[in-house]
Each structure stands twice: as C-alpha cells, then as structure tokens.
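I have a structure here, written as structure tokens, and I will follow up with some questions on it.
Labels run A, B, C and D following the written order; every chain starts at residue 1.
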Amino acid sequence: MKKLINDPADVVAEALVGMEAAHGDRLRIDYEHKVIYRKDAPRQGKVGLISGGGSGHEPLHGGYVGPGMLDAACCGEVFTSPVPDQLLAATTEVDGGAGVLHIVKNYTGDVMNFEMAAELAAAESAVEVRSVVVDDDVAVQDSLYTAGRRGVGTTVILEKLVGAAAESGRSLDEVAALADRVNAAGRSMGLALTSCTVPAAGKPTFELGEDEMELGIGIHGEPGRKRVPLASAREAAQLLVDPILTDLPYGTGDSVIAMVNGMGGTPLIELYLMYGEVHRLLEQAGIGIARCLVGNYITSLEMAGCSVTLVKADDEFVDLWDAPVNTPGLRWGA
Amino acid sequence: MKKLINDPADVVAEALVGMEAAHGDRLRIDYEHKVIYRKDAPRQGKVGLISGGGSGHEPLHGGYVGPGMLDAACCGEVFTSPVPDQLLAATTEVDGGAGVLHIVKNYTGDVMNFEMAAELAAAESAVEVRSVVVDDDVAVQDSLYTAGRRGVGTTVILEKLVGAAAESGRSLDEVAALADRVNAAGRSMGLALTSCTVPAAGKPTFELGEDEMELGIGIHGEPGRKRVPLASAREAAQLLVDPILTDLPYGTGDSVIAMVNGMGGTPLIELYLMYGEVHRLLEQAGIGIARCLVGNYITSLEMAGCSVTLVKADDEFVDLWDAPVNTPGLRWGA
Amino acid sequence: MGDTVDLDQFSDWMRRYAGVIHDNAPLLTELDSAIGDADHGSNMDRGMTAVVDALDVGEFTSPADLFKKVGMTLVSSVGGASGPLYGTFFLRFGGKLGAGPVDAEGLGVALHAGVDGIVQRGKAAVGDKTMLDAWVPAVEAYDAAASSGVGAALTAAAEAAAQGRDSATPLVAHRGRASYLGERSAGHQDPGATSTVLLLETAAETLG
Amino acid sequence: MGDTVDLDQFSDWMRRYAGVIHDNAPLLTELDSAIGDADHGSNMDRGMTAVVDALDVGEFTSPADLFKKVGMTLVSSVGGASGPLYGTFFLRFGGKLGAGPVDAEGLGVALHAGVDGIVQRGKAAVGDKTMLDAWVPAVEAYDAAASSGVGAALTAAAEAAAQGRDSATPLVAHRGRASYLGERSAGHQDPGATSTVLLLETAAETLG
C-alpha cells in the first residue's frame, strides 16, 4: 500500500488536523466527534445543514462546509458511515432555532446511523430534524425489496442548492422539500478503471485486468454492476450517459446541471476530454447544460475512473446554483 | 494503459473541446494553435500574460486563464513544450498595447521554444515581450554548467500574483520585476509514490517497487534525484520541507504562501494529512503561513505523490494573492 | 437442565469475541472486499476493541448493565451497517436480561429480542444475504435445543448459523452493500453472517 | 572525388529518415523514459510525419528551399528540446546549400553550420550527454574523410556519431532533462544522440 499516511488508524483524524491548519479562518474542528463546522455555526434563524458519511470521498463532505453550503460534516472512518454520537453532536451544535436537515446518502449504514441520531435528537433535545436520503445511482435497480439506489454525485449538487436556500432564510419545511426535489431530479452513473485501497485493509479492494473496467460503481471502491472491456472515452461516455437518459426525468428541451466527476486517480485532462464527450451526447439528445462541474468532487480515494451526474434544472435551481458559496471545495461569488 | 481517452494523438485537442464546452462563458479556444484564451482578451492597456508548457499538468496552465490570472495558455503535447508558432500567435493576440510577459518554466525545451517565439515576435511584430523563467525546484543543483533548476510549484503562485498585478494596471516593467521577485522567493520539492503513463508511450515511464518512492521529482513523470524507502507522511514531509528550509531565503519570523500540491493520483485526504505535517514543521521552524493551497494544482498526469512549495510573502504578495481571481482552477472574490 | 450464565461468563464472552474478531479481521475484510467496501473486519475490530476498553474501566452489576454498555459502545464506535445492527442486537439482548444469572430459556428470550432488533433496524429478511441468514436459523435451532441446556442450545445455534451463512452464499443480495452488485454478489460469503457465526461459536465456548 | 548530392537525394533522405524514426520511436521513447519524460520517440515521429506531409504538398526548387521547409516544420510541430534543436540544425544546414547539387566539401560546410546552430540554441558542449556528443565527433570525422567523397565521409560521420553516442552513455548529464537525475543519469544512452546517429546513418545510405 503506497499512501502518504502515518498509521492507517489515524488517517481521518490527521487529515482533520490538516483541514483546520489550512482553513482555520473558515472552519473549526471538533476532534472528539470528528466534525467539521462552519466557523460561525450556529447561525441564528438559519436552517442547519449537516451531512456526513465515510471518509475517502474528499472534498465531499468536509470540503463543502462554509457559507452557502453545509454547516457541519461528520466524518466516519474511511468508507464507513459516522456513528450516531457524531451526528447528534453536530445536530445540537448547528441548530440556530430553525431546525436541522440531515443530508444522507442512501447506504444501509448511513441511513441507520442517521436514523438513530434523529431518534436520539428527538428524545434528548428539542431540535427539529428532517432528512433527505439521496439515491441517484442509476446503476442500481430500485425496488421495495432492496436497499434501493445508492447516493452519489447528486449529493454535491444538492448540498450546493439546498445550502443556498438555507442561507437565504428558507424554512426547514421549504429546505427539506427542495432537497427532495433536487434528489428526484438527479441521476448518476460511474465507472472505474482501477480499484482503490482502504488504508486499514492495506490492499486493493478488487483486482482488475489491464483491459477491463468496472461499470456501475459507487464511491466505496466496490466492484461495479459488471465488468466490461476497457472502452474508449467516446464509448465510456455513452455507457454512462445512456442509462441516465433512459431513466426519468430528462427529455429534449430540458436543461441540466451536469457534473463529470473524477473518482480521485484520473487526471483532469481526461475529465475534460470526457466532459467534451458527454457534452456532445447531451447536445444530440437535445438537452441543454445550464451549469457544469468538471473535476474531483466526490471521490473514492485514489480510484481511477469517473462518474456523470445530471440534475434537471429549472430557473430556481440555476439561481440557487449561482448564489455565492465559500467552501474549500466550491467557491464563487465570495 | 488505462485512460479515459480516444486516440493518444488526440488527447490534448479533445481535452480542449471539453474545456470550451465547460467554460465557454469565460474562455475561448484557438484549436489550430491549441491556445486557451481569456474570452475578453486582449484587454486594452493591460499587460498580457502568457504561459504554456507541455500538457498533463492540469489545471496548470489552461485552468489558470481568466480575470486576475493568465490571458492565454499554450498547450503542448503531453510533457512536451509548445512550439514557437503557438506562442507567437498567443503573444500577438493578447497584446493590448502594454506588452506581454511570457511565464516560462525552466526546461530546456520550454526555454528554447519561448526564446524562438520571442525572437519571432521581435522580428515580425511590434509587441514588447519580456520573460520570466521559473526555476524553483530545490531537488536540482543549480550551476552555470547545467540546465539549472526546474520550474515547478512556484509557477502557480507566480501566475496568481503576477496576474493580480497585471489586472491592476501595472506596467510591463513592473510586472516583469514582480515576476522575478516571486520566482526568487519560491522553492519547491516533490516526491512520487508511483510513476505515470504518457498516452503516446503507452506504459509507465518508470517502475517503482511497493516499498520505494522517488524523491526530488519534477512534473514530467520522470524519475527523481534518488529512490528511497517508502516513508510515513511525517518522514515524507520532513524530506520535502528540510531541503527547502536549508535553501535560501527563509528564516524564523518569515511568512509564506504555502502549497501542498498533489501530483494527480493522490487523494485529497492524504494531501490534507500532509498539509498538517508541513504546517507542524513550519511552526517548529518559526515560519508563519499567510495563505495556503491544498490540492491538485500542478500535476504529472495520474502520478501519486505530492510536492511542497513555499513562497516567502510580504504584505504586497499577500494583497496580490487576495485579489479577485476567476479561473476554472482558482477562484475567489468573484 | 438448570444451568445458568452469569455476569462473568458474559463478560468473558465479549472479551473472547474481541480476540476472535481481531484474529479474523483480515478474513472479514477480505470477504467484504469481494461484495462490499473492505471494512467489515476493521469495523468490528475497532468496535470490539472499544468494548474491551469499556469493560476494563466499567463496573457492571448485572448482565443488563453489561450489554447496555456493549451495545452503546458498538453503536458509538463502529459506524457502517454493522455498528447499528450489532449495537441494537446487544441493547435489546441486554434489555431482556435481569440482574442475576440467566437460564437457557431466558437466554433464548434475549436472543430473540436481539434478532428482532436487527430486523427492525435493518428491515432485511432471511434470504436477503445478510447476517440475518445466520441469526434467524440460529435462534430457531436454539429454541429447539433449549431444553437440553445453554451449552447444547448455543452449540446448535452456532451450527445452524454456519449453515445459514453457507446457504446464503449462492444467493443474490437484496440488502446491504452487496445488493449493489446484483447477480455478481452470488457465490460470495456474507461478511456479517460470518461475524455472526463467530459470535455464536464464541458464545457456545464461553457460556455453555 | 567529384560526387555530389542533388535535391532528390536530399528529399529521399528525409523520407527514409521519417520511416526510420517511425520504426525506432518506441526505442527512443524507451530511452527517454529512463532519463527524461518518455516523449522523444513520439516527438520525432510527429515531426518527421509532418515533414513528409510538407514534402508531399510542397514544390521545392533547391536544397536550400527544401531544408528551410524541413526546419520550419520541425520547429512548428515537435516542441520540446528536440524541436528547436533539429529545426535549427536544418534551417542552418539549408542556409549553406545553394540551388544546385552540392559536393562533399559543401555538405561539410552545411553540416558545420547546422551543428553550430545546435550549440547556439542549446548552449551545451561535448560531454554534457546530449545529441552534441554524437554531432561533434561526426562532423570531425566527416571533415577528415571528406576528400574521399560524400559516401565515405558520411559513413565515417555515422560511425563517429555512434561512438560518440556510446561514449556519452557512462556520463552524468549536464544539460537537458537528464541533468535533473544527477548521478542517476550515468549508464543510460541519450535519446537525442540516438536519433542523431539514425539521421547520419540514413544520410550515409541515401546521399552516398
């Protein structure tokens, strides 16, 4: 295992030290609970926004804490959801009297830990808590009898849009309803060219031949839905865009916020090349791109590969997108 | 070779298509010359800033084109400096009557191609051209009898500071003098945990054992000064910071702009962990960090590893750093 | 039979299980690599290490107390799917235990309560290829053998758990991360069912 | 001897060299991987492909014309260190050729001018472990054999270039990317010296 770390058990805690050293002007860290806070949280009268999940997806979520986005991010171990204590501490801390929204990615562990935290918050405090569970990964068949779709790329866009809404003073009901609408409008699909190594595991999660790739991966270094022959960027873009377009709710004439996201080990030059391919496919499908992101936004450690996320965007979404944001991972207008 | 590309020969051109698709609101592309322009270039009365070099270092340089930073970036093939035609076209195009500064990284090829372009500009046009050659890599012994030090991380910081100065209306003389001062104040050192693969070469430039790393690398996937045993983050930080601190011009009480830069394949969580280590070492040395960057800013394709850059910063530098910048790769205050 | 399990035995169970988990962490992570995210071993190891630490510093007057601590510690230190699930198991399990030693019947009641907790928390069913594929046949086998005493019942439960774990191996997962793999999850042994078998085997050794 | 080289032979030299470079591109890139940035083969291949394209569409009335085009094309298409260096070589080389065929002496003058151009552009010297370690002994050997005619002189030049290339292999580089490796550059064959030897070998075959 080749990583710039000390003890694998300390990776998350030590990365937090670096986060605070780098962004102490804007962020503060609760090391006991491994929570990254917006420095001026709680903001009186503003809905508090909390997300969290396993680490290893940076800049998600800690990189999205700051004005216009999250109030707190709870950091689990690498690829392991945070525990209820962390989530409860953050919930209590960021409440400014207007309630708190939990932004949860749909994984069994994340959902259960957030649920327990919400139960504890209800029992132990007066904080009003709502949740949105992001489930946008079209690689996974949805059904009542399964764990449902995973939460992936739409989470980034949702945190931005909902962050802007909360910043503008919308109520918890409104913010939660918006979060549901963003989730409903978002679809993602990813592929991997290589695996990645969880520090505590010490070796790659899976092995992949020189001429193979994994299609339909999530963000936890896990194998995908199927292993397919290594494809050109052109074919790869089609493999990602097609299943999104055949899924609801996009059609000719619609406009989207589009993200071509790197999984962590793919260089930016390839991501831009992929974005060109995705752009062409959407043009062919008559879909406009209102705004876009190209880069590493929700990663899977050092995995090579990428994902495509499209969120159908009306004027409200575009306005929320354009609102100022000032976080380590996304910044404009500030 | 596992890459999200089509034909290796088309990587640079196709990535430019993606750049324009993503940032067409701010950038425009001359596909014939592979130049990325700030959309509103030339700006009358403003010194034009051009950089360029081999591709594969993204976001450098194309990602730093925009208000407050570069006017144009000339993209060579992967790890190959651009040719004089490209540089000459850009020089003519961005001149707004106040002259043009060429920002060159010190590599034999880059220097010669920029030199030829400057000669052609002098012969064929009335554009006044100055150059700064960045040579900040302490891994390389400097001497009259060698090619001198490589230009690496300081380039990013220099393009930001000089970009702010040009934007504020300083003259070519002033801008060129500032560029020299920034270069003189900057030092960098890097290491690699893995090699990378030039698309046209099709296989990794070098092989590295599971328990080895390369110390003193540049940004072209080349082997470093020496191969050393794989170290912990703590030791690795020391290996990078020590040779910088023993080199001029830092001392106790000084303040720096610090960058912990990923080479492309190292996840952000490791870069933050490394930043924590670097921060601690600088604190021990009595050096303050006025501003910092943590992330992938000047890369070597998908190489795993990182570099540390320190630029001694007085108040002028800090003010220039804080000035608004609006590029795909660096953005604040706008 | 009238044999009972006392506080010391329960405590011993947890300590022994911590050792078993530590030794088997690489195996559990390996299994989780194939159909999950390569952390089940480190998750359980982190959790049981925390449990042993808590037992070292705590004073427990009853099995109920002890397992409340175990459950809370797992919930607070594991994360992922297994933290809430094992945590809930022990919280509910302990909730059915009183202050004194417990007999085979009482232990059965507690086991049922624990497994019901897993079902409520995780909303999975037998055949979904989760730890429940080990737990559900285990409590059934326990019930059937309970009249022969704690030791025999736990041995039967551990054996049934192992069979359940193996019978789930060919299945396609419907819950947990393995479900994302669809058909590709078939043929792989479930990590959570594996840690459950280890828990029951250790119980048979320490409580019987 | 009074043998001369005409426009068609020069043109043939360039076309044959393009083929040689294409075939040797993997070798040149391999050499550049060890002490550089793994692009010398693709750089030269891109350049010589562009040269052939230019020769296909252009009309050339003199060797001077032809090599001006070759030089400009290399400068405009190669980049890196080798683009300006080989480009400058051919620009200066062509600058010493007239409209008609050239004899051994005239060719020697042109070769000298070309190599001087490389020195001026790259500021390296013999022993720095660059293409000059092939070029400089090559022109010396050419001079010594020029009285025996173009063929013999070019053969001598190519042999001297190969020896120069090999004698530079044990050296520590002082110029170009290889210099960044310090001591580690010793023991590796220089890619640019290698492509120079190929150029002179092809010259001996086509112009002799």
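Definition applied: a residue touches a chain if its C-beta (ideal position, glycine included) is under 8 Å from a C-beta of that chain, and two chains touch if they have at least 3 such contacts.
Computed from a predicted model, the values in this text were never measured in an experiment.
> Among the chains, which one keeps its Cα centre farthest from the Cα centre of chain B?
C
> Counting only Cα atoms for the centres, state how far chain B is from chain D in Å.
32
> At what distance in angstrom does the C-alpha mean of chain D lie from that of chain A?
Comparing mean C-alpha positions, chain D is 54 Å from chain A.
> How many angstrom lie between the CA centroids of chain A and chain B, rounded to a whole number?
Taking the average C-alpha coordinate of chain A and of chain B, the gap between them is 29 Å.
> Send over the residues of chain B in touch with two or more other chains.
78 - these are the residues of chain B that touch more than one other chain.
> Every touching chain pair, please?
A-B, A-C, B-D
> Residue numbers of chain A touching chain B in their complex, please.
Of all residues in chain A, those touching chain B are 2-6, 11-12, 14-19, 21-22, 55-56, 58-59, 63, 78, 193-194, 210, 213, 230, 232-234, 236, 260, 264-277, 279, 289, 292, 294, 296, 299, 301-302, 304-306, 326, 328, 331-334.
> Which residues of chain A touch chain C once you look at their complex with the stated criterion?
Answer in residue numbers: 54, 76-85, 107-109, 112-113, 115-116, 137, 139-141, 145-147, 150, 198, 200-201, 205-206, 216, 218, 220-226.
> Would you tell me which residues of chain C are touching chain A in their complex?
29, 33-39, 41-43, 46, 75-85, 121-122, 174-177, 179-182, 184
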